[in-house]
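Have a look at these structures, which come just after this line.
Each of the next two complexes has chain A plus one other chain: chain B in the first, chain C in the second.
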Partner chain A sequence: MALSRDVPPQVVIPTFVDGRELAVWRSQSGRIAAWDDRCPHRGMRLSHGFVRGESLSCIYHGWSYNEAGLCQRIPAHPDLVPPEAIRVPTVAAVESDGIIWVASEPASQPPPTLTGLVALRSLTVEAPATAIATAAGMPIDQDGALRPDLAGIACVLLVQPIPGDRTVLHVLVASNASPAAQAAVSRALEDLRRRVESERLAA
Partner chain B sequence: MTDTPMLNEWYPVGILTQLTKAGRDTLLMGEAINVACDSLGAPVVSAEDGRTLPVRARYGHVWTSLGSPTKELFDIPEADQPGRRLVDVGVVRVKCSPLRAVENFLDIAHFPFVHTDILGAEPHTEVQRYEVQIREEVDEVWATKVKFYQPQAAKSAAGGITTDYMYRVPAPTVSILYKTCPPRPGEWDVITLFVQPMAEDLCQVWPWMALFDDQTPMTDLIHFQQMIFLQDRSILENQLPRLLPLDPGMEIPTRADMTSVAYRRWLKRHGFTYGAQLVAA
Partner chain C sequence: MILYDYILSPDCYKVRLLAALTGARITLRPVDFHPGGEHKTAPFLAMNPSGTIPIFEDDGLILTESSAILTYLAAKAGPAWLGDDTPAMRGRVAQWLAFSQRLSASIGKARVHDMLNKPADIQACRRAGTQCLREIEAALVEQRLAGHAFLAGDRPTIADIACFPHSMLAPDGGISVDPYPSIRLWTRSIRALPGFIEMPGIHRLHDLKPEPGPIPERV
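Here is the complex of A and B:
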């Protein structure tokens, strides 16, 4: 759902997996976590919250949760030990090859290995994944990826559908691609996006 | 379907000093209305089907109702007290339930995090026990003996003080706050939140104030209150679900939320459910 480097320590971002709204955050020590994007206290989005040390806090009342999603502190009652019932539902989040992967259901297998590749960028396309696959002239494979050649370079486009018939593409290129080649791939991606979006507007 | 008990309540729909003969179109509980004034300047509110709605001109605002109000508009005695400055703050449209807007106004625990260094600041986050009651004789929710440390409680406050508060809910979308008045110990500043329900998940908020403050320019008073409310809006538009859950289970209150618990209970008891969610989703 994101490139590892786009979620540095002490940052929280909103995302979607299978239509479920999630807050993905990285602790000071580098641990990644993905939770329901909702504080159980008053329903505020946790993706608006803030990270301190190994905890994520809600921006509304500062309730803070540890890496397991358990409430650790309620600032309005500093002496209260929060009951264990106050917890944020979590989902599995792992990192490999510079990509953050999230599974809303318990995953039966680890994410695909992407050795020899380097994460280039993410971009959002105002079109469903099927339209992008059609434009790329290939089906989405069992890894949830498209593997086109862009600017003559082999690429992997990891496909993340998000609500509103939109799609986020997380793009990797061969790790030996030069900066100039990476820039060319980036431009080719923009061309692909414009093509898909204009076909959609025309239709 | 529009909620019947709430249909018979009074709602703010405009500022008295800003009325025009042509009027302004707006929404009240999903129904299109026009808010205008006649040749003498008296407010006139009409519905889309041509019927003329009841009006009251009070507290700087025009009040109307889509139904047949069984109660007169609530009283704010301080509005007529000599020496107070009456401030029409303006309007802020918020994509949230009108009931969530009121509940947020009743909450103090968020001050250090949402109104940081103004109405609250860490480490002064503790909410002391206070008293909440539904005053049966007037059928209002009241919270009293509320205390909170504030770095800049009001435009007229020079430094940090512990502020005393009282909260009052006289109608489902109205909250009145009484707070320590820095220049006039012994008196209370009055700050209200008048909420116009446009839809179950859309409202217009008309804050209004009756203050003892002869010093601060009117513009600064308005800017201060608008800044506070815009900070609140960033919360209100990001709460899930959009409607206020009245049944337990969806959200977890603590002791600091006693006012909100009483407010939700009072809403449910009266069937004031426009903008509410009754069954945990």
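Here is the complex of A and C:
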């Protein structure tokens, strides 16, 4: 879903799993959570919200939700204990090897092991995953990854399809790659995206 | 120092923001940009024949380009905002000041098209705006690899002030900012600066403020 380094404490980001809009956020103490990206009050995206301590608040009317997704405070009614029915649906989120994973269904498999790698960046490509696989000249493996060499560095591109025939690539590189080598990989990714998107425009 | 100002203009906001961050005292003169079109009237065209705002006036000097105003205000009120006095830093800052014109011509134009019904080739504006945001994101990825949180180095400069407003306001022109994790963290770093001020569409970091009251206890 995202790189751990892109969601530091008190940051909330929008993402998708199986077309479902999610807000992924990290509390002040470092806990990661993935919720439906809708405030139960007025439907505002919670990914526009803000994190104080261990709760996420909606930007619209400030309703705040505790770590279980339960509404704990309605600023316009400061003395009211919100009813337990006001709750944001949550999905399971785990972190491993610098990547935040969200389970698409309750019995999902554990994430693949990605040792010896360091997370570099995520980038969105305006093309389906199959077009990226074609440009990279390899199939997507059983981990949902492409494993090309970019700028001479072994890379893992985790493939996340999102609505609108778009794809997010979460990119990891060999952990012994220098910052200069990582920057070269980042530029090679820009080149890969240009090739995929221009082939798509031509077609 | 007088700024002829419009509250919804990102280019005017850049000047207000740098003044707030440096503690410079400027006098704001509101311009009826919309619907009045006051910036196209004779007194304004006498100051600025190009018919744009902001216009900045100080001690007989008139400046009309936001990047020039930022340079002047920084030199006068906060030279650290110009970056270190090295050729590389001067070049990097000038690069982003020039780049910010592309943001105005793409995202800025898409925004006035969507908000004020000004004519534009909206699809072309959005494509160009997305391209600009991708370039900023790629540059920030490389800055982060070098341990730097800002566009031109490890501390904020007028390069950041010049590129920050349009990068946040892109959704006003129908351009998503969701796909850019490094831009998200960079805009948070700017909004966390002491003295930061808001404009409509760019809010402060509410997470930096304490909870306004106690959380009611469940019994």
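Observations, loosely collected:
What we mean here is this: the second predicted complex is superposed on the first by the 201 of 203 C-alpha atoms of A that agree within 3 Å, B and C clash if a C-alpha of one lies under 4 Å from a C-alpha of the other, contacts with A are read in each partner's own complex, and residues count from 1 in each chain.
In this text, contacts are C-beta pairs under 8 Å (C-beta built on N, C-alpha and C of every residue); 3 or more make two chains touch, one makes a residue touch a chain.
Note that this is a predicted model, so its numbers are computed, not measured.
In the superposition on chain A, no contact is made by A:Ala188 with either chain B or chain C. Applying the stated contact rule after C-alpha superposition, one finds that A:Ala103 touches neither chain B nor chain C. Of the two partner chains, chain B and chain C are each touched by A:Pro78. Touched residues of chain A, counted separately for chain B and chain C, are more numerous for C. Contact with neither chain B nor chain C is seen for A:Val94 once the two complexes are overlaid on the shared chain. In the superposed model, A:Ala154 makes contact with neither chain B nor chain C. Once the two complexes are laid over each other on the shared chain, residue contacts for A:Arg42 go to chain B alone; chain C is not touched. Once the two complexes are laid over each other on the shared chain, residue contacts for A:Val51 go to chain C alone; chain B is not touched. Chain A uses residues 59, 75, 78, 80 to touch chain B in one structure and chain C in the other. Against chain B, in their complex, chain A makes its touches with residues 21, 37-38, 40-45, 48, 58-62, 74-78, 80, 85-86. Of all residues in chain A, those touching chain C in their complex are 2-3, 6, 8, 10-11, 13-14, 50-53, 57, 59, 64, 72-73, 75, 78-82, 120-124, 168, 179, 182-183, 186-187, 190.
Of all residues in chain B, those touching chain A in their complex are 107, 109-110, 112-114, 122, 125-127, 234-235, 238-241, 245, 250-256. Interface residues of chain C, counted against chain A in their complex, comprise 134, 137-138, 141-142, 145-146, 178-179, 181-182, 184-185, 188, 203, 205-207, 210-219.
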